[in-house]
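Before anything else, here's the structure in question.
Every chain is named by a letter (A, B, C and D) in the order it is written, and numbering of its residues begins at 1.
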Amino acid sequence: MDETLQELYQDLILDHARNPRNFGYCQHQTHTFEAYNPLCGDRIVLSLQIRHDQIEQAYFTGEGCAICMASVSLMTEKITQQSLDEVEQLFEDFINLLTDASLTNKALQDCEQRLGKLAVLRAVQAFPMRVKCATLGWHALKKSCFEKSV
Amino acid sequence: MDETLQELYQDLILDHARNPRNFGYCQHQTHTFEAYNPLCGDRIVLSLQIRHDQIEQAYFTGEGCAICMASVSLMTEKITQQSLDEVEQLFEDFINLLTDASLTNKALQDCEQRLGKLAVLRAVQAFPMRVKCATLGWHALKKSCFEKSV
Amino acid sequence: MYTQTFPVDVIRRDFPILATKVNAHPIIYFDNAATTQKPLAVIESINTYYRYHNAPVHRGVYKLAANVTELYEKARQHIAQFINAPSADQIIFTRGATEAINLIANSFGQQQIAKGDIILVSMMEHHSNIVPWQQLCQRKGAILKVIPLTEAGDIDLQAYRSLLEEYPVKIVAIIHVSNVLGAVNPIAQMTQLAHQHHASIVVDGAQAISHMSVDMQALDCDFYVCSGHKIYGPTGIGFLYGKAALLNVMPPYQTGGAMIETVTFEQTRYAAPPQRFEAGTPNIAGVLGLDAALSYLERIGGMPSIEAHEKALLTYLYQKLQDLPSVQIIGAPAYRAALLSLTVHGVHPHDLATFLDHYGITARAGHHCAMPLLRHYQQVALLRFSLGLYNTRQEIDSVVKRLQQAVEELGHG
Amino acid sequence: MYTQTFPVDVIRRDFPILATKVNAHPIIYFDNAATTQKPLAVIESINTYYRYHNAPVHRGVYKLAANVTELYEKARQHIAQFINAPSADQIIFTRGATEAINLIANSFGQQQIAKGDIILVSMMEHHSNIVPWQQLCQRKGAILKVIPLTEAGDIDLQAYRSLLEEYPVKIVAIIHVSNVLGAVNPIAQMTQLAHQHHASIVVDGAQAISHMSVDMQALDCDFYVCSGHKIYGPTGIGFLYGKAALLNVMPPYQTGGAMIETVTFEQTRYAAPPQRFEAGTPNIAGVLGLDAALSYLERIGGMPSIEAHEKALLTYLYQKLQDLPSVQIIGAPAYRAALLSLTVHGVHPHDLATFLDHYGITARAGHHCAMPLLRHYQQVALLRFSLGLYNTRQEIDSVVKRLQQAVEELGHG
């Protein structure tokens, strides 16, 4: 694999794609949303337990490409035990990281620091047709936390 | 006017266009047909008196361009007192004259001889978009004599 | 002098066809209302697309497809900006104005119109803004009524107001610029009146957009339709603008690939606008060519300078024609875009068109797809001169001279 | 050797895009089922049209318009001859296959279908040959039934026969070549069966016409639809063929200019086919470009030699893929045109497509607008390789090599 491709398909991503974490449903689910990308057939069902404005548990099921699966797997790890305010910030950071080519170095560093491991997905920026794959789970997150409840 | 145009708009044609002969209706009309060219709005109503397979009288009304009016005016003169067989031959001659570029010299001469004055309309061949104008009345003739009666 | 502000001689070089000849005469193209000629920028954009970028849009994760999709959606944004639409999602690509009106009548119209409702069209509509509404009325048991014209050939606003007051009007379908009279209709005012009476308004902008700036937010109309080939763009492409609130709840028109969320044999879920209304593979080269056409118009100074140039030409043409006693110009509307139709006493329009064509002058004779309007003027055919941005005073001089010659040589003695 | 009879290396020079690169790799275009690339002859015909001939068709008595009208109608004749249709009047231009099916469903279908009637589609249809019929059924209270597939992925003819015998089938809508499986369906036989049961048959030829000779009189189907951009022609143009007896009595689809005899506000009289079905200004450049595409195909040897070349390629590809244990090719139809879809154990089709694209290989991943078929195979996405006349064995070698690499580097360890 050459370099750009290697960056996209890093071991971390392939690992999460092959062995997604938090795959399944919350036992005491309070929020859920199904996100679907009609273009490629990726489908993610997010299952959250939210208490006192904090995400206690985050699970997901569905099927999709490596980018999609890794992104949502890493996301569920990251948002567990985070407040909704923090989650909202992460959502913005993630979207900016993938779609905003005009971020200052400083802003970029802050983004990446807050996102932690998720920052590997920055490589998707070079593959515009795959941005939707990487953000599918995140849109489900936004919908389930901030726009819709069970 | 330059030459090709002059041939199209000969005095004979302009004269018949300005002063159409046999303009009106047969007193004892036996056959009629209205022909219409939706593209340009030309409209010709042919009115015939046919007895014993012979055209006794031929009149027309309507409105159209010089080519259309002259053609039908000359036609009514020509077909009066002709048998239906002769009329059918004239129809074919006229259509061939205007649309068949592959006529032999001999065939052309025969055509022109049978058509008489109508042969001036041969110039229309050089103006393909006007062939329909020149033949409108003739199609009415065909319809009224051979396909439809009052 | 218009030539100082608008460098028409330079601009003409951008249009290869203007350098061609007809019967050894330089072509004088005066049929711009039928279709406009294309600048090199448009021709080259199509060329480039097929040579280097050809790929399907909205599908395919590969780069070629991604690039084309981006170009395609940028064109949509450009159009939105060109007509000051609030959002690119309100621009739907169609084959042309005709299809756009059909789409509106069959989706929005089909949804909104019930038995006994009234649809208003004007006396000066093009067939494409009559027949789809007529068909809708037939399907629904609705009634088509006609907004009459004033003596001068303008929309009779008094009568329009009365119709709105008297009848349960649901839709007003109105031409922005008449393709026969050149009349520019007061769309903003007509929209306001329609909305006051809870009617929607569909505007046929096919003849307007090439002659003047059009602004969706200023006009406030509900729908607006255009043809690309009449605004220096390619054939086979056009678009409609619609208010978002209406588009969002309208059912699809054509169905198939690309406008769909999910399909089972039992049920289909449709995508959001604009995709919902763009079934199948679109005219991609057409979209990119239209984009290039708008860029070209902006580059040469934009619509205001084109409008000024054409206005000067029209005034000149009008004056010269008035010097010919046998010429009768049809209508005298308050505002006229750069086109007019006429009759010549004693010479049929078709003979005039053939005569002029012989000297390289392309002008249209016929009913111009506006039979009801022609019937109103008791005519079956008219000769039309419609100007474009590349026409010149010298061309007008030639045309008027040849018209005069035709009158002399073909007319009554 | 196919290279002896079909000079593919020479032919490739006619397609400028094949000389371009993606990520510094020569492009290998394997998405021909989505859209084909264009030979110079097509690009030049469009170029020439806009540079020298651009004018409206079917109107205008002037020479420019007369010339274009003649070219336009000659293109229609050419298409008729290319598919062995009895008459050019049976060819109707549309934007593409999708619009053609919509036209048939909304004109013929709307006219023929009544409550309780049955419309048959197959399990392998493209959305464009499902949704318009679904909508028609909804409007009319008719019922859509599905012809199942055999284990191998062919139409289950036994089941088809039973459906025809059991139900009041009025229309059969069937794909000629599946855009996912490549299956070539026995249209002549299916037509005969449909006609025996007094059903009409509508054939979606979008994927057939670029791969094989199609003959309307041999197939005897009632309607046949195609897209120009899938047969090396321009975007935004396609056509339908229909039996004359049906077209003659069908109501118009879109309405407006050019399809009309007379218009009054009370009533409209429509023109005869094909004009009746071509409202508004058509995609003239598209029609001429399509004409040029067909001429090109004839010039390089015609459909039989293209078919032979592609068949050899397909066999080669198929064999090489069978050597890859993690690759599963979908379906094993009796006859296959030059395309196939596959899954790779452990790697998602989208990741494969991105990987391949990175090395210049354009292949499509997704549902290919055939969701019901994918559901039948319990898949949500497939990787598709679809070949064209310019593809080569060397390209197949590269593609298979890269696919293998993708399996190793992205797959399960």
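Methods note: contacts are C-beta pairs under 8 Å (C-beta built on N, C-alpha and C of every residue); 3 or more make two chains touch, one makes a residue touch a chain.
Every value quoted in this text rests on a predicted model; they were computed, and no experiment measured them.
Participant: Looking at chain pairs B-D and A-D, which one is connected by more C-beta pairs in contact?
Facilitator: A-D
Participant: Please report how many Å separate the Cα centroid of subunit B from that of subunit D, as a whole number.
Facilitator: Those two chain centres are 47 Å apart.
Participant: Any idea how many Å lie between the Cα centroids of subunit C and subunit D?
Facilitator: 32
Participant: Compute the distance, rounded to whole Å, between the mean C-alpha positions of subunit B and subunit C.
Facilitator: 38
Participant: Which residues of subunit B are in contact with two or more other chains?
Facilitator: Residues 39-40, 127, 129-130 of subunit B touch two or more partner chains.
Participant: Which subunit D residues sit where two or more other chains touch them?
Facilitator: If we look for residues of subunit D contacting two or more partner chains, we find 23, 59-63, 65, 260, 262, 350, 354, 365-366.
Participant: Given which chains touch which, is the overall layout a line, a ring, a star, complete, or other?
Facilitator: Chain contacts: none of line, ring, star or complete; other.
Participant: All pairs of touching chains, please: list them by chain label.
Facilitator: Between chains, contact exists in these pairs: A-C, A-D, B-C, B-D, C-D.
Participant: Spell out the residues on subunit D that touch subunit C in their complex, using ranges where they run on.
Facilitator: It comes out as residues 16-17, 20, 22-23, 27, 31, 34-35, 37-38, 42-43, 46-47, 50-56, 59-65, 95-99, 101-102, 121, 126-132, 134-135, 144, 146, 227, 229, 234-237, 254-258, 260, 262-265, 267-268, 279-286, 350, 353-354, 356-357, 361-366, 369, 371-372, 375.
Participant: Taking the touch rule as given, give the residues of subunit C at its contact with subunit A in the complex, in rising order.
Facilitator: These residues of subunit C touch subunit A: 58-63, 65-66, 69-70, 260-262, 271.
Participant: Within their complex, state which residues of subunit A touch subunit D.
Facilitator: Residues of subunit A touching subunit D: 1-2, 4-5, 8-9, 14, 18, 39-43, 63-67, 127, 129-130, 133.
Participant: Considering only the defined contacts, which subunit C positions touch subunit B in the complex?
Facilitator: 346-351, 354-355, 358, 365-367, 374, 380-381, 405, 409-410, 412
Participant: For the complex, give me every residue of subunit A touching subunit C.
Facilitator: Residues 36, 38-40, 127-130 of subunit A touch subunit C in their complex.
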